[in-house]
Every structure is written in C-alpha cells, then in structure tokens.
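In what follows, structures are represented as structure tokens.
First chain A sits with chain B, and in the next complex the same chain sits with chain C.
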Partner chain A sequence: MQVEDRKEGDVLVVKVLNKRLDAQAANDFKEKMTEYINNGSPLIVLNMSDVDFVDSSGLGAMVSVLKLSGGDGQLAVCGTTERVARMFKLTRMNKVFSMFEEESEAIDALSQ
Partner chain B sequence: MQIEDRKERYKRIKLVIASNLEDVSLIGIVINKLCSSIPLSDTDSYQIELCVVEAVNNSIEHAYGNEKGHEVEVIFTLYPDRLIVDVCDTGKPMDQECMEQKDVSPLEIDSNDLDNIAEQGRGLPIIKAIMDSMTYKTQSGKNCLTLKKNIWS
Partner chain C sequence: MKKGKVKDSTNGLRDFQNSVRHHVRYSGGKALDQASKGDLYEAVALAVRDRLIDGMLETDERYKRQDAKRLYYLSLEFLMGRALGNNLYNLGVFDLAKDALTDMGVDIEEVRDSEIDAALGNGGLGRLAACFLDSMATLGMPGYGYGINYEFGLFRQEIDNGCQKEKPDHWHSEETPWLIQRRSEACIVPVYGRIEHYQDKSGNDNPMWMDWKILIGVPHDMPVAGYGGNTVNYLRLFSARSSDEFDMQIFNEGDYFKAVQQKMSSETISKVLYPSDSVEAGKELRLVQEYFLVACSVRDIIRRYLANHDTLEAFADKVAIQLNDTHPALAVAELMRTLIDEHDMEWEGAWEITKATLGYTNHTLLPEALEKWPVPLLEHVLPRHLQIIYEINRRFLQQVSARWPDDGDRLARMSIIEEGEPKQVRMAYLSIVGSHSVNGVAELHSELVKTTLIPDFYQLWPERFNNKTNGVTQRRWLLKSNPLLSELITETIGDAWITDLDRVRQLEEYADDEAFKKQFLEIKRANKERLAQIILDTARVEVNPDTLFDTQIKRLHEYKRQLLNVMYIIHQYMSLIEDQKQLTAPKTYIFAGKAAPGYFMAKLIIRLICSVGEVINRDPRVNGQMKVVLVPDYRVSLAEAIIPAADLSEQISTAGMEASGTGNMKLAMNGALTIGTLDGANIEILEEVGDENIYIFGLTVEQIQEMRNGGAYNPWDYYNQNPNIKRVMESIGSDIFCPNETGLFKPIYDNILHQGDYYFHLADFQSYLETQEIASRDYNDPSVWAKKVILNVARMGKFSSDRTISEYAREIWDLRPVV
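Take a look at the complex of A and B:
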C-alpha cells in the first residue's frame, strides 16, 4: 500500500497512491491508517483521487479506520472518482463518510 | 470463440487464477476490459468487475479458507441480450440457507450508529444489488456462483 502524507495545519492529508483498494490491500491500508491515528493524527483527510477500484474489503477497512478515528468529524474523504463514488452510494457509505470533491474543501471542513 | 448453442450465438472465455488474493485484480482487469468492449459504460463495466471480484474473493476466503494452491475459474459468456459469469471453485460449499438470506438489507444502515456498521459481509449483497440474478450450485465437488446481467440486444 503506497500513500503519501503532508500536514495542513492540524489536518493530516493522506493520499492513497494505489489504484486498487481491494481485499489484497485492505489490511495494509488499515495498518497504515491505524499507525497515523495512534501517532496522534486525529484529523485526517483521505485523498482517493488516484484510486479507481474499491471492493467490499476495501470499504470494510475504511469503516474500521473511521471507527478508530472517532467518527465523522475526524476523518473526511475527498476526490473519489465517479465510479468509486457510486460504490459508496450503493453501499450507503456516502452517508457514513464526510465526502468532498476537492481536497481543500475537506481540509476546511475538518479545520473548523 | 463464437458458438451456436440452440440457435443462440454466444462468445465465451474461461479464466483461471490461483487462490491468491494478489491475483484477483488480474481477473478484475480482464472482466472490466471485456465489458468495455461489448461496449458497456464505464460505470457498468466497473460494477460487473466489482461483482466478479467479490465472488472470486468469496471463493478464496471462504471456500478455500485463504489456502493457496487451489484454482478459481471464471467463465464469462456473452449472449446477444445478457452476460453470464460463472465463478467456480472446488472448496467448501457455501451454506445454501445463508446464500438465500443474503438480500440487499445488509446495505441498509443507520449512518448515525457507527459502532453497528459492519466491516464485512457486503460482498453478496452488493452482487444482488447490481446483477439481475445470482444462483449457486454445487455439483460433483464443484461450486459455481452464476451471475447474470441483462444488457441491450
């Protein structure tokens, strides 16, 4: 699982560089995100703009990370491609995650 | 390969992968390309890829218990008005009752109750929500999940 991260004020922006967040990548993703949270990054923007495939295992890992982060106000998702966004809608995850088109919107939302 | 079957034309390709989660993306990529070439829309191709990936994951994780060294077969058949994908393994059969209970209800969630939102168990409900039908059969030690999607004729 390849990610890159940077700080924007109190918000940690994590960009997923893998094309696929699937059953193979799910555990690795969860471990990486858990590490960020345990290392004291309570506000995280997850930039998914490079991800073009998410399956139910990837989604499950994201739910697990959301729970660990403490919920809605702590983690935001941005940049999902149209087809990944439809997967979120199909599984109602668009109501569980705070989702934004632009990274800057997600950072602003968590910074408030 | 193009075949005449009871006067109905179809095209078929069989793909086989080892029971490694690392290899499932190979199946996904091929299925997506096949769907795009029909042609189906980008979203439809992705959704069918998703269903096939979910089915293959189920075979590897549940039928084979993540044990390597087995095979999962994916047979993609394109008819003029529908496509059929069979995902077959020779592992532990899926509980038929469990299969019948898998409707789309696990996708209905209370978004305000984060603790009770499941982290797994969405594979079959996703398939049910996207495909027009899903059937499961075990015969002579071979389990096949058959997915059907109607397409334009």
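Take a look at the complex of A and C:
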C-alpha cells in the first residue's frame, strides 16, 4: 500500500498511490490511516484521484477509518474517479463522507 | 411471389456472394472449397449480420434523433430458435440468398439446418417474448428485449428406452454469429453483503450496503430485424463475468488460483437456464440470476437515458419497462434503490417514477407457480433490497389500512411479506404494487386474475388491471415455417397479410371453392410427408401421411393433460382389438414436449406415451389404423416442422389452468383444427372461428370450481359408471404397457383414482371421446374438413402478436412507431 502525505496548515493530505483499494490493500490502508490518526492528525483529506477501483473491502476499511477519526476528527475525500464515486453511491457511503471534487476544496472545508 | 420485398438489385446477388466468400476466408480462416456446412452457415450468418448491423445503427440513430420513448422487455427467457431463416425473410433477401448460394453450389436448406436453436426458454412465456421482439421491430417501435446469455439453454431431450434423458444444450453462446459483444458497456452488479447503519452528515440514520461481492454483466446484442428491414432493434443478453475482467490486475497481484475460482463461481450465474417446475433445487442461484438480469438492465437503461437527458425526473416519459412474469420483479426494488441511493431522490418521487415506468404481465394462475422468496435468503443475497421491499410494504399497508380500517385479515392477505416460518416475499404482490399496469394474457385468464387470484388488489386498484391476449408472429409461424401455404395465401389475396394478419379474412371467400380446398389439402399433405420423414429420422417410426395427424406439442405438465390424450388413445386401441371396432378415421398421434428433470409424474407420462406407442405400433391387429409417436427434443425448429403438418391441435388443459397458450394460435394459423377445452385463448379462438369450426368439450371453469369447492368430484364415480373409463384405467394400472416392469404406471393409476384426480381427467373423458369422434367423422369428408380449415386460417387475424404489441404500446407503454 503506497501513500504520500503532506501538511497543509492543520490538515494532513494523504494521497493513495495504489490503483486499487481492494481486499489485498484494505488492511494495509487501514493500518496506515490508523497510524496517522493516532499520531495526532485529526483533520485528514484523502486524495483518491489515482485510485480507479475500490471494492467492498476497501470501502469497509474507509468506514473503519471514518469511525476512528470520529469525535474531534474529520475525514474528507476528494478526487474520486467516476467509477469509484459510483461505488460510494452504491453503498450510500457518499452520504457519510464529505466528498469534494478538488483537493483544494476539501482542504478549505476542513480548515474552516 | 418473391419472399419478402427484395431491396437488393441484381448486384445484390454478387455482393452477397462476395460477403459470404469474405467471411469464409477471413472470419472462418478457410478456403471456400474446404468449408464445411457449419463453416458456410457461419459465413452466411455473418454476411447477414453485416446487413443487420447497418440497419441497427441506422435505427438507433433514428430513435436518438427523435428522442423516442423506448420499451425494455425484461424476461428471464427468450426462446428465439434459429435466426438465419427469419432474418433472411425479414430483411427481404431470402430468395437472393438462396439464388446466390445455389450459384455457389450450396444448398441453403442444408446451411439453415446447421444452425443450433437458441433455446433460451422453456416454452410459451419465452416464445412470446421472442414473438414480441419480432412484432415491435416490424411495427417500427423502439422495443428491446433484456435477458440472460445462458451458456446452456433448456436441456436437450433424448428418449432412451421410453425414458427422457436430459443432455446439456450448449448452444455456443460465445461463438454464435448473431451476438455482438459490448464489453465497453459492461456494468457492475453488487450482491450479498450486509447492512451497516451509520449516521449521515446530517445526523440521520444511513444504512450502508457493505461487504458485497461484485459481478460484471457483459451485454451481448442479438439484432432483431422487423419485416422489410427498415427497423432493426436488438435483444440484449447479459453474461456474468467476475470482476477480474474489469481489471486483470487481480491475476497479476493476487492469489492466482483463488482468483480463477472466484471467476468461475461468478460466471456460474449465467451458466444455465432453469427448467420450469424445478427452481427449488437451486434456489439461491436462481435468485441471483433474477437479480443479475434486473441489476444489469436497470443500470444499462438508466445509463442510456442519462446519455441524452440531464436528470431522471422525466424518466418514465421516455422509458417503459415490462416485467414478463414475476421473474424480473426485483426491478421494483432495484429501480427504487438506484433512484434513492445512487441518484439522491426522495422516496415519493422515486416511487412515482418506478410505478409509472413498470408494467407487469401475469402468466399463471397455478398457486404453486407464483414466486415467493424466503426472507432469510433475500436478506443474505440482497440485504439492501430487502430493506427497500419492507419500506414499500409498510407504505403500501398504510394505504390498505386507510381504505379498509380494522381489517387485519385483509392486511395479512395483501402484505408483500407472507407470515410464516420462514417469512416469504410474494413477488407477484411486489410487482403489482410497484407497477402502473397488471395484465393477464387472455380474456378468461385476466378475469380470473381479478376474481380469484388477487381479488383484493383488483378491489384496491381496478384501473390497474387489463387484458392483453397473447399473439404469435405470422412471419415466423406462417411465412417462414409454412412456405407452401404462405405462397398460396399470397397468390390468392396478396402479401399484405405478412404485416397485417387481419387481411387473411379475405380467404373466407374461398372456403367453398373446391379447387382452392384441394390446393389447401395438397399443401397439408406435402407438409405431412415432410414431417413423416423427420419422424422416421428421429423417432424411428414410420407414419402414414394419409392418416389424421393429431398433435399435442407442448411442455409436459399434468394440467396440460397429455394423460387425457393417452387415455383416449388407449380407449381407441382397446376398441380396436377387444371390441373389433373400426376406427372412424385412421390416426397418427404425435406428441412432442419436455418434462422438467425433477417432475416425476410428467416424466412418467412421457414413459407411458412411449410405451403405449411401442405396443400399438407393433401390434399387427391395429393394421395401420393408429400410430403413436413422441418426437424427441421439442424446440422451436421442430415446432416449425410439426405445426404446418398438423390436422388436429390438442389444447385440452383443465379449464382455468392454461393462461393463454400460443401453440393453439400457431396451429390454427397453419390449418389445424382445435380440439380443446374452454380455457385460455381457446375461448377467443372459438369466438373468432365460430363453434362449427372448432371442437370444444369438457367442463367449464365454473363447473370445475363448483365441483372442487363442494367436494363433489369423485373419480371413482366415473370409473364405476363408465366401462370405457374403467377399462382404460385398468389397462394403465396393469402391465399391458409395461410387460417388463411390473407396476410401472401404477403411480398414474393411483394419482387418478386414489389421489382425487386433481386435473379432472375422468370428468372430461367421455366428453373428450365424443368430441374426438365428431372430429374424426369430419376429417373423413375432405370437403367439409377443408372448409373448416380455411375458415380457421382466415379468422386468425386477432392472434397476430402485431395486434398484441399494438395494444401494449397504446394502453400500457405509450410507445409509438418511429419510422
């Protein structure tokens, strides 16, 4: 599981570099994200623009991360491809995540 | 007359030959002189397909330009049969192709014989869907079939020592020249999983569908040409693929064997068509199949709609979806789910769109054939859909409660969820609640739907119920399957009947014309000779074309009463050998039909037919007065050979049990007289042809209901009072027809006499026997018989599927021709 991260003010921007967020990548993804949260990054923007396939395990991992970041934290998702966005809608996960087309919009939203 | 309007000029002949040569060489990879008949069939089919594709693209463009409303006919079955001949006729190039091939030293009939039937259906329901596609295309209507691309169609039937053996029917779905794969339009279908509740951004409960598996639906299009070739619609069949086809990376990164296993299990979904009456065996797979079709279809239809429209608000103005029986009933929940979950619509708006879009056709009155799915299974396979069904039911029962306060019984009767262990989802009720139209398929059937099957729903929404009497396409069932009769009709009244079957009424003028009658009977004789050869080749029985061909060709089911026919045959045989009575007319009894693999009684009846045939056919005392034969592997192409050769059409179901029947229409259209009960569309055939031109017998629906309800029917009464019945039953119970297997047919004897004869065989026997006698007497007078036959053909206008489709289009779909 490959990610790249950078700080934008209080917001941590995490870009998923894998093309697939599926059963094989899900656990790794969850661990990485847990690490970020436990290391004190409550505001996270997840940039998914490189991901072109998400299966239910990947989405399940994202929900776990969302729950973990609950309380004080916030998680925003940006840059989903059409196919991935369709998966979010299919599971109704688009209704629980804050979703943005552009990374900058997501950063602005969490910074406010 | 040339068959069809030939669009091509003489250049067309050379073009066609070049196209065939091209495909032999570049599609088949062979030199022409090395091509087998199969290779030639492929090449000819591909040459025809090229023309179909041109027509299909042009048609699609025309529909787009006019932003035409489209109809999607969802059916788990499409019994298409062979396509080559039909396409040649409808494109108007049959004679051109025949001449072109003859010139190349190729016999077109041999080429046509190489085609394997697309047997993607069990019987009437699937064939109706195929006839409808032909009619919609001929009428220039934007209508598409949506179904499953089964790798194995209905099993191939072999008769081994009198027993039905089922063999896989591999119809080469992947290689058939008629299907165009549309990989780029593949869609994702989630299935299984669980619901997790979590708060949405506004703090409301948000059920999320998690842990699903993915199937991929890959569409394959089979072009459907209307007569004249101006409109070419298509049948879209979905194949199930695993998600790895969506992204091959799983093979590169993951566990290879696990991936292959997963791929195989996903592809099972479209592997095989379930024979009717035997769904029980693989319930879960069948449910997934039904959902797979519905999910692929809804996704595809919405995708197509949104390609030309910005929002879904006016969806129902441009899209109509017809549910062929309850098999695609999950469309109600799937459309709702898609609109609400994926397109963020409010429930009320989504519900209005769903109802306005969907229509439901009921095909059966048999309670055991009404689909129900156990709630735990549905929850396991489709957890989100079950939630939606519960919500639909909750809102629906509120409506019922408001109309009939304090009527708990009614609520229980009408609930989509049937209480019990386990609870079950009543798919017919889901279809009714979620559709704006509910139709039966014959006048009587539609009445019985309203009065006995679901009267509560009729009381609630009388405006929703209507009738659409089935029909058949005269292009396949007369023009193509009976070329001799077609030519005679066309020579006599012109060819307008091909697209307007009402025109055949002009033949009435010739019903007393002796020369015309003679021609008519000569054609029948020629068709009988052709069938006799097929029977000899396939059933190894020599039959005499000068005998009356008495045919019962349909699925084997107790309610269709092949047994009543066999009982009559046994009676005839006994009269001949024991009473030394001469039969009124020498007869050949022809059966064809498949029994569901797990249907014990139906398979035993096949065995009885074969055994009775074996005894009678080799008994020298019969002396050519009777023959009995079961022609194996009934399918569309065999029906096309039997129907033109039939003299008598057996439509003898227990009254109130056959929804419509369509074989009855095909046979009458080809000059077979009907012997039948007052059931299904027989009643309307009677109304059309007049009671002097049909042989009606037996109890009516009302009489049967009365006898059933009052417990007044006791088969023993008939047994004891009628020596003919007693003798027949004792013959069945004895070993006369099973000398080497004592007691083989005892279960039939017991079923009739000890288990109440549910289908009223004995109650109708005497009436059947007497009516058969009248038919035989009429047959002995060729002039009398021919007149009846001509009047039957002349009065079949109503039973064209063009009429049926025009009614659906006008009264349910609001669909117009786009020409």
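Note that in this section the second predicted complex is superposed on the first by the 109 of 112 C-alpha atoms of A that agree within 3 Å, B and C clash if a C-alpha of one lies under 4 Å from a C-alpha of the other, contacts with A are read in each partner's own complex, and residues count from 1 in each chain.
Going forward, a residue touches a chain if its C-beta (ideal position, glycine included) is under 8 Å from a C-beta of that chain, and two chains touch if they have at least 3 such contacts.
The shown structure was predicted, so the numbers you read here are calculated from the model rather than taken from an experiment.
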{"item": "Touched partner set for A:S64, first chain B, second chain C, both or neither", "value": "first"}
{"item": "Which superposed partner A:S98 touches (first chain B, second chain C, both, neither)", "value": "second"}
{"item": "First, second, both or neither for A:E82, with chain B first and chain C second", "value": "first"}
{"item": "Which of chain B and chain C A:F53 touches, first, second, both or neither", "value": "both"}
{"item": "Touching both chain B and chain C, residues of chain A", "value": "20, 22, 24, 53, 55-57, 59-60, 63, 67, 86-87, 90-92, 95-96"}
{"item": "Chain A contact footprint on chain B (complex, rising order)", "value": "21-22, 24-25, 28, 42-43, 46-47, 49-50, 53-54, 57, 60-61, 107-109, 111, 114-115, 117-120, 122-123, 126, 129-130"}
{"item": "Residues of chain C touching chain A in the complex", "value": "188, 190, 193, 196, 198-201, 206-214, 243, 246-247, 249-250, 253-254, 341-343"}
{"item": "Of all residues in chain A, those that touch chain C in their complex", "value": "19-20, 22, 24, 52-53, 55-57, 59-60, 63, 67, 86-87, 89-93, 95-96, 98"}
{"item": "Contact set on chain A toward chain B in their complex", "value": "20, 22-24, 53, 55-57, 59-61, 63-64, 66-67, 71-72, 82-83, 86-87, 90-92, 95-96"}
